[in-house]
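Both of the next two complexes hold chain A, though its partner changes from chain B to chain C.
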Partner chain A sequence: MALPLLRRGAASAARCSRSSVQASVVVNIRQNSSFAKVEETPLEAPEDWTNLQLKRAEYKSLIDTFSEYGSTQTRDNTFQPHHTLHRPVAPSDITLSALLASGAHFGHSHTRMNPNFVPYAYGTRAGITIIDLDHTLPLLRRAAQVVRGVAARGGSIVFVGTRADLRSTVRLAAERMGKQGYHVGERWLPGTLTNKVHMFGPDVARDEQVVPDLVVFLNPIPNIHAIRECALEHVPTIGIVDSNVDPRVVMYPIPANDESTRTAELISGLLSVAGREGVAIYHEEQAKAARAASRRPSRPREQHMA
Partner chain B sequence: MSSVGLRLAASTSRAARLASVRTQACRVQARELHRRKDLPYPVEEGLGTFLPPNALKMIAEDYQQGLLDRLNDQVRGTALENKNIVQTVVEGARDPNKVLEFNYASEALNNSFFLECVKPPPANASSHEHALHNTLLERRIKYHWGSLAHFQSSFSAAALGMFSSGWVWLVTDKECRLGIMPTFGTGTLLVRSSKPSDALLEWQRISGQSVLPLGDDALPPPLAYPSAGSPPAPSSPVSGLSHSAPPLNPHTPARSVATLPKPPRTHAVEMDDEVNLKNLGNGVLYPLMCVSVHEHAWVSAGYGVWGKEEYLKRFWTVVDWARVSEIFKKVAPEQRR
Partner chain C sequence: MNIAKKAAGGALRFRAYATAAYVPPASMENVQRGRLPPPKPKPESPTFYTGRATYYDQLLALENASKQTRSALQQLQLLPLSRFAQQNLPPLHPVWKSQVDLAELMEAKLTTSRYRRFVSQLNQLNQYRRLAEVAGHLALAERLQRVLDMFERENKEAILARGKAKPTKFDEFGRTYTVGRRKESTARVWVIRTQLSPEEQAAASSSTTPAEPPQVQTSESPAPPPAQTVEDPIVHSAPAVGIPGFESGPLSIGPTQVKVHTTNILINNIPFTDYFPNVADRERIVRPFRVAGLIGAFNVFALVRGGGSTGQSGALTLGIAKGIAAHAPEVEPLLRKGFTSLKL
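On to the complex of A and B.
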């Protein structure tokens, strides 16, 4: 019974080496057409990299040729792990089960629970505080309304997420909001708001607006100084508060798990989609105002002459 | 908090305008499963004289959906659950524990490809060959095999030489060379090994075809060209090696796979020569069309258990040459005139 071509090939390729005549002569020549083997060769020269790129392009072309056959399940209509980052949920579509699936209800150890957090706690289980998502969901929607409202009036919003896994989240959230979105992914420099002149220079601090209109904190505890600066400069804040934090540190708390990447991606994605809608509203209003201004007839000059 | 009435009012005007700004990505609400694709032609009418409706239904619906159902059962709850068929084939090939997933996915992919490169014959003609007139594909077929009839006979010989089930493919590489390539059992063109399997060697002996050589050391050297009789260059380190090509079989049909003419060679000399390696066609092979060499196909169509030859003869009446030519143009756009 003929075995499938590839199974025999893979096994025998693993077993047999190149014939002795060739082994001493050549190091790099690859006779096989299986891309897996090409990937395993270490790259030693720039030509190796070029060859790898060419082979990769050819192989991708083969995969594309085959991709439209087989079944209806494609990469687009199934869940892929990067979708939590690149396909944010709209504020109108957020559900309790989505929050639950992202692990937003896991709080910290019950011994560390802040007494002011009690209204947002569902209870304790397995030594940790369980956060009540029935409170989280409306507070999340309220935060989305705030973001949309600020953006619709031309306000600037800063997304702060200073952990390695939050870096790309805040960057994408800011990109969604165009000119009105900013992000801090590395470290909030102390004095950004309270020491403006030194940080930005006297010209910029005087002529431009360096204080944002809203700041969103994905991990408030390491950024407590930033929160304090915002309070000193009277900047409204939104933040993901966990069970060991006093919810009153930020103006619009979202009680949720601050250690979960998927929760942070879900929440910042949702807020940035709301922000994008606000930006669109702002542009629409600007365009309407511009159209009204251009249509208004210029009367004063004629009256003066008459 | 706005009341329901205000919210509804807002939803009609502003939300409608903002609909495009809302999340442009698709939200996966329900889990997708592997389901068979619908064919571009109706299954109830069959494929002309090639496959009656019951046989086409058996292949296109029962067999295909059965393969995908079994694949769904295998991948449920595993990492392969959300992968498409091509990815399942590639990952199943790399992992020896994923034999069933690979087999089902590969067979489903090949079956789907086969079903989409055939079409019911037109009402006023016996086949779709008129779509081949004046295309690049027709010129390449004529260049390699002499005529379409010669190609068809070569292809059928390749399929008749297979004793096991499998698929026979018309393939091309990025230099627009054409060839006939078999895959046995649940083999696939997506992952090819460096050494030809025993099944491939047996097929070569039976059908007299020689495939694109996959590796010098395993295959017998290719048939020597009549014009080339020169010994290796005296400066080559292996000029002393004696190497004789196997005797030419006068009854061998035209080569099923063309390579650019080159002088006969010994093993070690060619190893150093990068240019000649490319001539061997070890690059990626792109599929253009295929035929299903499975007993369930011709037995269910009523040809009988030995009806393979008649099955292959009638296959040519339904090959969708327009589509094959389109794939050829897409895959090998660099055309050497």
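On to the complex of A and C.
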């Protein structure tokens, strides 16, 4: 209702100098009592609540109008902390600077460095091991290839991240992969793979494919028993290994900082995008096979015995 | 020679799998050795490998609903809410399913920490539902209520009504039975509405006269409970016209034109005027009717024992007040202790 008035006032104010802009804005606010601070009257009927909502909407529209005359950097075109979670990087677009910005090069204390990790360490500084990202990047891309390949053949992939900050990361990574993605955000129960009959029941253990085709660990140290179970059940594993871990615990190690949430989000996002591509390939091949099967008439196959 | 060949041939036949003959790889490509078993279906739920798929699926669904509701309420400018507005919200009384019931619902064991996490999500969703309801967004509130109904106890109303006074019941004649106690006396009181006589009923339905001002009258003869007939206490010697100068209102009606109802009070089958010779006791008993403005509306039968006259009249007062409050809930605040602004 007062919005056109305000827009006119704002346009004229923008043409004037900075101080007069501030003065005219202040005058406008004082004249329009609806933009004043919401009075603390008791909210009894729904009408009172509606008035509250309208007042706040008016104030928001005032701010939005004047935002057009401010900086060109807005919420949409600047980095926000949730972008690493909701805007994953594609495997082909990953850069060293992105890994560096997420803090993937910070290892643990140099006294705790595992001797088998030395090939992946750049050196030590300020008492901690610095991880060589020149090794990390190709290993990360290799892991992405593995994920894509497994997904393209219809494999199931489990994302394991058992910290509070990793819960939403693994959930979103699994969601990106559709029916082929699974996630474990809480403690991995021992015996999930080695004691399947007791864990899931005899019917499920017999009728469904309980053992997954690939498991990705975002924090391998607390999940060492899960890694052992995967090894016993011959499940390939990918994991973010830090400087205090032997990289050979997983099949495809990614040497990086396991304590950083941003690093974990970057890596799991990248792997899940690769997985999504693999799932798309798998669906395409399935559709192609279905089309081919429906087009050609079925022929009896000849059995060749060796 | 032959024996050697035979032996060699036999040996070759028995060791057919380790044949020495060379087979080019291209010929092996179309060999059908045997069928692979059909691939087993993969697990349905994305939280299958947590071991508690049902629980985590439901928890994630609740968290999702919570997020969507929060963004909807932010769009509606209801969130974030100032402390002042929060104080204006009505209180919440949720009654969620117990840990055992919820475990049954999820077909798996439920630890206390998981139960608490689940209930905290339910409470969050309940807060959003209350906000949507109070602000008038009933469709959203109803959708949230449907989600929350799944996790509320069946006997929620019974649990919330615990500790509150039971409502007084009416029997098939429309009587209430209430009990009052004071000092050493106990009064058992039955209260029933006065019945209009057939002429009055006809007059009330057809006439357009204003409401008759009632007066307290006592009947001398003991009438059997519960039925009470109205005695006509009209004084015939008074003039039949109202006060000159008043065309409308209560003063335009003459006293002879006014029909009065009587409240008959029987105590231990004795009219209360005989039972309580003391005026103070009688006034005490009649006070609830005066305060409520319902003199002539009810008849009372009471049994009282124990104590002296003051105690018995006090016990009766309380019993009568409870009975009136049951019949006419709108006057209950007037009869509460502490309502001293009304001077009669």
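One rule holds in what follows: the second predicted complex is superposed on the first by the 223 of 306 C-alpha atoms of A that agree within 3 Å, B and C clash if a C-alpha of one lies under 4 Å from a C-alpha of the other, contacts with A are read in each partner's own complex, and residues count from 1 in each chain.
By definition in this document, a residue touches a chain if its C-beta (ideal position, glycine included) is under 8 Å from a C-beta of that chain, and two chains touch if they have at least 3 such contacts.
Just so it is clear, the structure is predicted and the values come from calculations on it, not from any experiment.
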Applying the document's definition of touch, where does A:Pro88 land relative to chain B and chain C: first, second, both, or neither?
first
Taking the superposition on A as described, I'd like to know which of chain B and chain C A:Gly239 touches: first, second, both or neither.
neither
For A:Thr50, decide between first (touching chain B), second (touching chain C), both and neither.
second
Just checking: does A:Glu277 make contact with chain B only, chain C only, both, or neither of them? Give me first, second, both or neither.
first
Figure out whether A:Asp207 sits in contact with chain B (first) or chain C (second), or with both, or with neither.
second
In the overlaid three-chain picture, which partner chain does A:Asn77 touch, first (chain B) or second (chain C), both, or neither?
first
Where does A:Gln180 make contact in the superposed view: on chain B (first), on chain C (second), on both, or on neither?
second
Please indicate which partner A:Ser67 is in contact with in the superposed arrangement: first for chain B, second for chain C, both, or neither.
first
Broader residue contact with chain A after superposition on the shared chain, chain B or chain C:
B
Residue set of chain B touching chain A in the complex reads 14, 17-18, 21-23, 25-28, 31-37, 68, 71, 81-87, 90, 93-94, 99, 103, 105-106, 108-109, 112-113, 116, 163-164, 166, 174, 183-200, 202, 214-217, 238, 267-268, 271-272, 274, 277, 280, 282-287, 327, 330-331
List the residues on chain C that touch chain A in their complex, please.
30-33, 39-43, 46-51, 56, 60, 76-78, 82, 84-85, 88, 134-136
Would you pull the chain A residues touching chain C in the complex into a rising list?
38, 40, 42-44, 46, 49-50, 52-54, 56-57, 60, 154, 156, 158, 160, 171, 174-175, 179-186, 188-189, 192, 199-200, 204, 207-210, 212, 301-304, 306
Per the touch rule above, chain A residues touching chain B in the complex are 1-10, 12-13, 16, 18-19, 21-22, 25-26, 29, 31-37, 55, 58-59, 61-63, 65-67, 69-80, 83, 86-90, 92-93, 273, 276-277, 280-281, 284
